[in-house]
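Sharing a structure below in structure tokens format, with a few things to ask.
When the chains are written out, they are named A, B, C, D and E in that same order, and each has its own residue count from 1.
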Amino acid sequence: MAAILSAEAVTVRFGGITALKDVSFEVKQGEFLSLIGPNGAGKTTLLKTITGIVKPANASIKINDREITKLPTHSRIRLGLALTHQIVSPFKSMTVLQNVMFAAGYKKVRNIGLSILNFSRSSEKKDAMAFLEMVDIAQYKNFPVSTMPLGILKRLEVARALAIKPKILLLDEPLAGLNSQEASRLADTIKLISQNGMTTVMIEHNLSEVLRISDRLYVLDNGKYLASGNPKEVMKQPEVRTAYLGS
Amino acid sequence: DDTIKIGLHVPLTGFAASDGKSSTFGAELAVKQINEAGGVLDKKLELVIYDDQANPSQSIPVANKLIGQDRVVVGVSGSYSGPTRSAAGVFQEAQIPYLSAYAIHPDITRAGNYVFRTSFLGEVQGRAGAKLIGEIMDKKRVIMITLKNDFGKSLAAGFKEKAADFGITIVNEYEYSMKDRQFGAIVAKVKADNPEAIYASGYYFTAGPLISELRASGVNAPVIGQEGYDGSKFIEIAGKAAEGVIITTSLDRDSKVPETANYIAEFEKLAGYPADMVSASVHTAVKIAAQAMENAKSTDPVKIRDAISRISMKASTGTIEFNALGEVQKNVQNQIVRDGKWHHHSVIDDPELLAPPEK
Amino acid sequence: MGPYEISLATGVGIYVILAVSLNLITGYCGQISLGHAAFFGIGAYTVALLSKLGWPMYLTLAAGLSSAGIIGVIIGLTSLRVKEDFLAIVTMGVAFLFVGIVRQQEFFGGEMGISGIPSHGMTKFAYLCFVLVFAMLSILFSWYVKKAWIGFAFDAVADDEGTARTLGLDIKSYKLTAFAMGTSMAGLAGGLYAYYTRFIVPETFGFIESITILSMVAVGGIGSTFGVVFATVLLVMMPEVFRFINDYKLLLYGALLFGVMRFKPEGLSGFYTLLTGNKEK
Amino acid sequence: MMLKISNFCCGYGNMQVVNHLDLEVKKGSVTGILGANGAGKSSLIMAIAGHVEIKNGSIVYNGEDITSCTPMERVSRGIALVPEGRRLFKSMSVYENLIIGGYITRKKDSQTNMEKVFDIFPILGERIRQNAGSLSGGEQQMLAIGRALMTDPKVLMVDELSLGLMPKAIDICYEVIEKLNSLDMTIMLVEQSTKRALQASDNVIVFESGNTVWKGSSNEAKKSSEIIDSMLGLRNH
Amino acid sequence: MLFIELFIQGLIQGSTYAIIAVGLTLIYGLLRVLHVAHAGLFTLAAYLGVTVTNQFGSLSLGIVVATLTSGIVGVVIYRLVYEPILNKPPYVALIASIGLYIAMEELFRLIFGPFGLSFSSAPLQNVVVIFGIHLRACQIITVITNVVLLGILAWIAQKTRVGIGWRATVDDPEMSASFGIDPIRVRYLVFFVGSALAAVAGVLVALLTNLVEPTMGAVPSYKSLAIIVLGGLGNVFGTLIASLALGVIEAFGTIYIGDFLDRDAIAFAFLVVVLMIKPTGLFKSR
């Protein structure tokens, strides 16, 4: 199968620090890829480069063979990317439901004209409720997000990303902050979504869940490519073990 | 009704509040004097005073209120050009006579035939300044320091218009804004220019610091100012540096003319500080309004207007007569600071030079 | 209605347009502007100059609206780089630059301003109605914007630009639209003002005026159209109502601004929600 | 007894989120605090640190009632906090964050403590001038722990120790915890990973919706870990 | 020669800006509040300085009374005005501050009259000639005060533990309390120091112009806002440099481009240009 998303020769520098050095990777249509690696390896930076939030020194990023490196973030998102944030960033002035509703209305805010002409919010509300249920936080819909504990916000991130109906879901540590039961339930949900055809890239340190649901692993270390391939096999590689597991 | 109402708008609050205060005292003094002398048409004169914050948008409702609610028979502006110009339109439209006491914007009287001005136009005073420097003082190399507002700009225009006629070369002109109080840069440059005289427009609160700085930095050329300096406050701020400063104004402190001498004495009694040009101008305007009613023997606006246009009256700021445009022609009084007081310096009475526009 | 009430009401109408227009930029889209009066001024100057050239009123007003809008977009474009307090200060700079430039150019009448602006040719009362119609239209427009998806998008931009971007929102064009809508409405208000006073000077459109407009928005309750309209009426009327205490008027005004922000930071619209028990925005 | 919390209630505004809690923490022990999302774990920790309003009950620390002490008084008595979400001073450098951590210690101690922190987390030493806000998620967590250690704490309260850390770093952190514990530091841990928590702690307390549903030694709990697991999941079934 | 003189005049002007702006930037740095009413304290101090000096014939007493009073009033303003609205959006404090400033201006006018006050005999006006440049004692003192005060402050803020502690309360007051820094005390201290600085500036300006008016704070209030942005919000050293640079640019600008832009507009043109090129100000926001 063809790569739906590819990033070639990504180099990112922050001042003196090289956060990513000549990293290339690709994801195939429908694949569930997990991005792992030590803290500070550059995983978040890689996803942020793909979405255009971080400006790379060098890179070539393609969706379905279309070059998107020069596009601004919002245009890339519209080509089918969705990103959840490692450090949760809900719209603080809105309720849980409104957060997802706004995302669900992505088509209506594509351009100014549409956004002026469109008035009704009812179908988005329905969609949003479905997504909230999918991640088990429907009962919090009318709470202002500022009072919500981290676990809820983490799931809200996922719901909101789903609401923009992406082709490729980029998840930055969606399970962090959930207890083991909650984590495996959310992992199941994500897996289910991916099995229904959503290409998924997930950054996650929760190894047991990663190994349980990923099709393939991609390992970064210190800004460089370290390994990739079948989860079990990758985890057997000694470099990966020393860098990541410490044993 | 047993009173006749005169409307006055002044800046009681905001940056021009000090002039508003003087205006108020000037008007109150006039009313007091008139009422003590039996009032107007056997009725008492009553002042209605509103604050306009020296703001052109504020003076429109104020003017409308004076006309529509208080039913004043004459309006007087004790305020700056902006608010006066916008109020003038309202009075003109309502056909109520309106006297601008000291606002100098040339377009004020052009609002129409109900609008008069009891003070000089900025240009006229600027021309007088040129004569004072070029002819009376015989200084030729002049630096201009111009206040960047309608007052300073029109003074400068008048000055430049006649400068050449009196043999003056304008070496340089520097501008400053109303809010400036520190003039180090201009002073440094003036010093380098080394002029024979300095024509500096401004108000006491800008001129005081300016002249202190000029003198401190060793610039000793004479400084010529205008009625904006007029008042004791200038001398208080500039201290010794004020000595020798000459201004063109309409109030002669050493005047023997009873109207003026009397005004100067009475004002200080009422207000508790010495008279200034602003208060004298408002005092004059109120007196004119009262006299016009007496002359017209009526409070009918049309008749008052006609009476004002024909008036000839001695007031604290000189003899007032209006031309077709509603502008006044009177002598310019030059005053000089000596021993910490304003004193007579000279008079300019050249009718051609002082002629206000007719149209 | 006497001439006084009419002129007062006309002033209120103009300020309602202004306040509502700033509310679009600051209240809805979250972009603090301390220079709104500059666009008010651009509208007023455009209308003043063109009307003196003999253009008919509807054309001058349209020109005032578009010139302010166009310059608004240009300023908006340059301001896109700065955020929050930096934006506030840059827009404050714009306010000073506008006055600083206009007062130096003879073409704009310099310090003397522009007088002799032709009459609108209506009775004062008719002109009042004319202004009020525009004020109503602005209120309706602003209410509509809030309810439509564009208002939702503005909320998102105001809340967190970065997040909105990662949800596919084109932040730039929304910000620019807010600027365009707000500044062109301010331009219209400026035009109406020019016909109202028939005399304009640069100082009227300075920083103080910008602050006055922002105060109306903040006192009303940022983002709440009806609160803002209410506060505008209140703040414009207040100095008039308190004319009898001339000397203390500004003191009272300052104290009110301060008091509302201190004790009711969400603005007067907070009282409204309090009264109706309506918690939804 | 290091900490004795009795009949303790805390919350926000009108909402009470921890109800009638009784907890005793022995000196030198590790106490695990478990519970589902929103159970009130973080609120409890923050209340002990002095940031959440205590509605009822008391906290006695080393025999001294500190219920109404300010956060500053608490930290100066030796209660240190690694808060949820790290709450670093984002616009300040790693170095400055650590300096603030050592604000209440003497300058010399602060120096040696900082070296200790760099020993534990060498990466922090490498990033010393970087703004805390731009560190990677895991690095931020390390800094948060390092900062708390700078206070020379007697009681260390850690909210979500392993959040966002790679397995290796988690191991390191737990080693650090063990080491600190062996040096007689009292530790309270909020942890999502039940397994980890049970391994590391001597005692555990399990919350659900603000109520204590289980309390006891971790050995006991280990035996019935399935019970605890199901308790943790209760809310969602 | 002229250039040197213009430069020096610019420095003098810039010094007065700096002393005001630094207080403002400290307060901004601490609370993210654009404290417009700061200029009200500047005015208050100028009035007190002149009144006390005239009354008791001692400038030193005037300065002491002015700085102490302004400092205390500053703390009171913080306590009564800002503290309750700190966690509101920033415009709330801004408008409250503007309202407070308007009210203060009016109070000064009502109390001290609209005409302004002057020293009955202004101190420190003796002229010193250095290399042919005439300077008044008060001008020299202004520059020296500026450099000394701000030097000390910048050092405290950037290099000492106390300074780092101050700055921590900015990022997260709750957490800094958890590390033993009392945010309330820090704020009181910063408001006191900042307001006392404004007071020093007020008295200096009164000496320079020999005129104290109700509205004298208006220009400094907004110009110093521009300066603290240029200097990198919260950055003491940056503010110092930005103030002096602005003073100098204004000095030259008034002379050479004065008929195109007025002084205030020059300041803002400079600001807008800088921010367009570098949206975060000239210096790093500390």
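Just so it is clear, a contact is a pair of C-beta atoms (placed from the backbone, for glycine too) under 8 Å apart; a residue touches a chain by one contact, two chains touch by 3 or more.
Worth saying up front: this structure is predicted, and the values here are computed from it rather than measured.
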| item | value |
| --- | --- |
| Those chains which touch chain C and also touch chain B | E |
| Separation of chain B from chain A in steps, with touching chains one step apart | 2 |
| Chain of greatest Cα-centre distance to chain A | B |
| Intercentroid distance (Cα basis), chain E paired with chain B, Å | 36 |
| Centre-to-centre distance between chain C and chain A (centres being mean Cα positions), rounded to whole Å | 42 |
| Centre distance in Å when chain A and chain E are each reduced to the mean of their C-alpha atoms | 48 |
| Cα-centroid distance, chain C relative to chain D, in whole angstrom | 51 |
| Per-residue multi-chain contacts in chain D, two or more chains | none |
| Residues within chain B bordering two or more other chains | 13-14, 148 |
| Where chain E touches two or more other chains at once, by residue number | 106, 259, 262, 264 |
| Touching pairs - complete list by chain label | A-C, A-D, B-C, B-E, C-E, D-E |
| Residues of chain E defined as touching chain B within the complex | 1-2, 5-6, 8-10, 12-13, 16, 106, 109, 113-116, 118, 121-122, 125, 127, 129, 134, 136, 139, 205, 208-211, 213-216, 218-219, 250-252, 254-255, 258-259, 262-264 |
| Chain C-facing residues of chain B, complex | 12-14, 49-51, 53, 55-58, 60-62, 64-65, 67-69, 81-82, 85-86, 89-90, 94, 105-107, 110-111, 148-150, 152-154 |
| For the chain E and chain C complex, residues of the former touching the latter | 28, 32, 34, 81, 84-85, 88-107, 110, 222, 225-226, 229, 233, 259-262, 264-269, 271-272, 275-276, 279-281 |
| Complex contacts: residues of chain A adjacent to chain C | 51, 53, 72-75, 77-78, 82-83, 85, 89-94, 101-103, 105-106, 108-112, 114-119, 121, 160, 164 |
| Interface residues, chain C side, partner chain B - complex | 2-8, 11, 103, 110-113, 115-116, 193, 196-201, 203-204, 239-240, 243, 246-247, 249-250 |
